[in-house]
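Handing you this structure, nothing more for now.
In order of appearance the chains are A, B and C, and numbering begins at 1 in each one.
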Amino acid sequence: MPEIITHHKTWREIVRVHCVRHVYEDKTEVNLCGLDMVVREDERVAILGSNGSGKTTLLYHLVGLLRPLEGDVHVFGIEPHRAFAKIRERVGVVLQNVDAQIIGPTVYDDIAFSPRSYGFSESQVGKMVKEMLAELHIEHLQDRVPHYLSGGEKKKVALAGALVFYPQLLVLDEPFTGLDPQSRDELMDILNHFNQEHHLALVVATHDVDLVPRVADRAYVLSQHGIVAEGAPAEIFAQKELLRDARIDAPILAQLLNRLDARAGEELPLDVDGAAQWIRKHKSSL
Amino acid sequence: MSHLHLPDGIIPIFWLALGFAATALMLALALRNAREADSARRLPRLGIVAALMLIGMMAEIAIIGYHINLSVLGGILLGPWLGFIAAFLVNIILALFGHGGITVIGLNSLIIGSETILGWAIFRALKKKLNPRASAAATVVITLTLSTTLMVGIIALTQTQPALAFAGPEAGAPLITFELVAAAEEHPITQIDLARFAQLVYFFGAIGWVIEAAFTALVVGFFARARPELLAGDPRARLNKENHFGTRAD
Amino acid sequence: MELAQIDQWAVGGASAWHRASTLAKITGTALVLAAIISANDWRALAAIYAAMLFVLAFARLPVFKIALIAAYPALFALLFALSAKGGIGIVVLILARGCTAALAMLLLITTTPYVEIFAALGRVLPALIADGLFATYRAFFILLETFARLVTGVRLRGGYSRWSWKGFTQMAEVIGVTFLHALDLAEHAHAALHLRGYAGKIPASGKWRRVNAQDIFPLALGVGAVVVTLLVR
């Protein structure tokens, strides 16, 4: 696929969300003010928040499904709700409900859906689909009918459909929910692979804090007061008050280390190896 | 009983063709009138309601494992045009596994389609005077009575065949007269006693209509409590135009 | 839940009949149907019916189960039997024609995935209707799962009986909840179509047209049926 961007990190901004407010049909209001949300090229950004905090609302604004009543949203320089068609090939989306997202009668047809709708020739479509099937290791599923697939397999099919144009931004809504640990790991590997090898920026909305360090460079925290914090995962998880207010638990390792008397505000390791090292280092004072 | 599908092999070809022509005409009208600015919006609704009509037929209730006919409900939710298309889709799928003939898809679609259209229209009218449940029950009874009558009417028609007679050039008389005469060929359909058939159909039908009415009323009552805007009558006005995806997503 | 079962038979089968092209099978079925509706001797119909039973066995499908599904037209025939003035002969003919036609369709649908048939129909139907078939098919399986889960839930809570008024109201509620779930699904499906660039038609592949050696079987059945009908009158 064409390399549009140069290889080094350019820090160019591709997403900016500024103080958005949205009111639903049933009059519930979602407040996304506070910090601006910014995503840059090749970045991996997590959106953390408990259920009901507005993560999905925020994501829907990014992809033009919702129009902000107040505030602005810009993706690749344009306002998504106005002209999503202009940036469609650059933005891939994986919704929470994969069943709704899979359109084609077979896996092959589903991955081919966007290219065919865009009018590519059947041979070009074939190339694009086969490439995706190989990248995601699902060649063996190509003729299968989607509703007989497992949750993890369906997720991969939806992902393939979203990545078929090798977009620069991928937006995922709670992608790890309901997956068994192996499927989850596979999914994370694929996302990180695309991020590193194919210049894919990620925006992942999740409430699963343990996964955040593995799939994000930066995280935003959402609470009922809006976007309340931003930073590297280690910074975020050290702020106990903030997390409590946003109704999020710190990752289990962070909790353990906090219990073992880690100093307030200290950046804590978020993976098992790092935690083991920390414990060995502080062994005498425990 | 309210979902009696005509099988293959009993109706003369002339009427089969006419059935297809009439359905094609209705579909053309439906496609034109069901047009929306956002074409991606009507497809999922269409598929879902048609799917639900199929599921309804799989759900067994009451003594004889009776299957529910949700076409009236489908009409209420989709409106007359998409409702007719849904009826057609359901008929194709049913015909594909033998629940109703392929050659009579045209005629069967007119019957089921009439249920969606009439269901929509009558519910809309009654809703102004009665509460949702009562409206639904009454709508079902009236609609199914009418669609059954339509079916009997179709059967009656198929017992005849068209005859074109060429008249001589007499003064004042039309050159070609068209009339329906009793069918000359031996078709199974012509061998039934129409009166008897109608009696049976109405009798068993009536029992079915009561069950259907009660069931539909219950479902409509459920909607009236849970999502009243569904019954508002204009399927297109359901959502705020500016925010298409206005359901509470979080 | 016949649709679900039938779908599995079609998608999971690997017999020669399954492998024949969809185009050939549709053509063959059309010929068989033409033969059926013009047959006027029940013996011709019986011969065609028997041939199809044989094919089902050959395709390693459950013959009795499928024949049972094909017996649905018997209901209508019963109605006719009760109001017929032509005697038993006409009832037999109605029965024979209806059930044989149903079996022909079942033979097609248990050896050919619905999606391929829809792809074929998509050539002659308007876009919304062709897409509607796919959308209905997918929605059916997704909602069936919801529906089955709800029914199980009701059964587990005890007291579900289709013979009681309670069962009746419970089923209405199950259908109602399934409907609401369906509408949410529709909402998300709409979003997905919008996001992925729906251009007014769900494109399907041309696999259904690819002819192969096994096509000879369904075509032979079709031609045979026509011949039998012409000879046995």
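Simple rule for what comes next: a residue touches a chain if its C-beta (ideal position, glycine included) is under 8 Å from a C-beta of that chain, and two chains touch if they have at least 3 such contacts.
Computed from a predicted structure; not experimentally measured.
Taking each chain's centre as the average of its Cα atoms, which chain lies closest to the overall Cα centroid?
C
What chain is the most remote from chain A, judged by the mean position of CA atoms in each chain?
If we average the C-alpha coordinates per chain, B ends up farthest from chain A.
In whole angstrom, how far does the Cα centroid of chain B sit from the Cα centroid of chain C?
20
Centroid from C-alpha atoms only, then distance chain A to chain C, rounded to Å. What do you get?
Those two chain centres are 41 Å apart.
Using Cα averages as centroids, what's the distance between chain A and chain B in whole Å?
46
List, in ascending order, every residue of chain A touching at least 2 other chains.
Each of 60, 65 in chain A touches at least two other chains.
Among the residues of chain C, which are close enough to touch at least two other chains?
134, 137-138, 142, 185, 189, 191, 193-194, 198
Provide the list of chain B residues touching at least two other chains, using ranges where the numbers run on.
Those would be 244-245, 247.
For a test of understanding, state which residues of chain A touch chain C in their complex under the given definition.
Where chain A meets chain C, its residues are 60, 63, 65, 84-85, 88, 93, 95, 97, 99-106, 108-109, 112-114, 116-119, 122, 145-148, 161.
Using the touch definition from the top, list the residues of chain C that touch chain A in their complex.
Interface residues on chain C, with respect to chain A: 7, 11, 113, 115, 118-119, 134, 137-138, 141-142, 185, 188-189, 191-199, 201-206.
Which bits of chain B are touching chain C when the two form their complex?
4-10, 13, 27, 31, 34, 38-52, 54-56, 58-63, 65, 68, 70, 77, 85-86, 88-90, 92-93, 95-99, 101-103, 186, 188, 191-194, 196-197, 199-201, 214-215, 218-219, 222-223, 226-227, 230, 244-245, 247
Okay, in this complex, where on chain C does chain B touch?
1-3, 6, 33, 36-37, 40, 69-70, 72-73, 75-77, 79-80, 82-86, 90, 93-94, 97-98, 100-103, 105-106, 108-109, 114, 117, 121, 126, 128-129, 131-140, 142-144, 147, 162-163, 167-169, 171-180, 182-187, 189-191, 193-194, 198, 200
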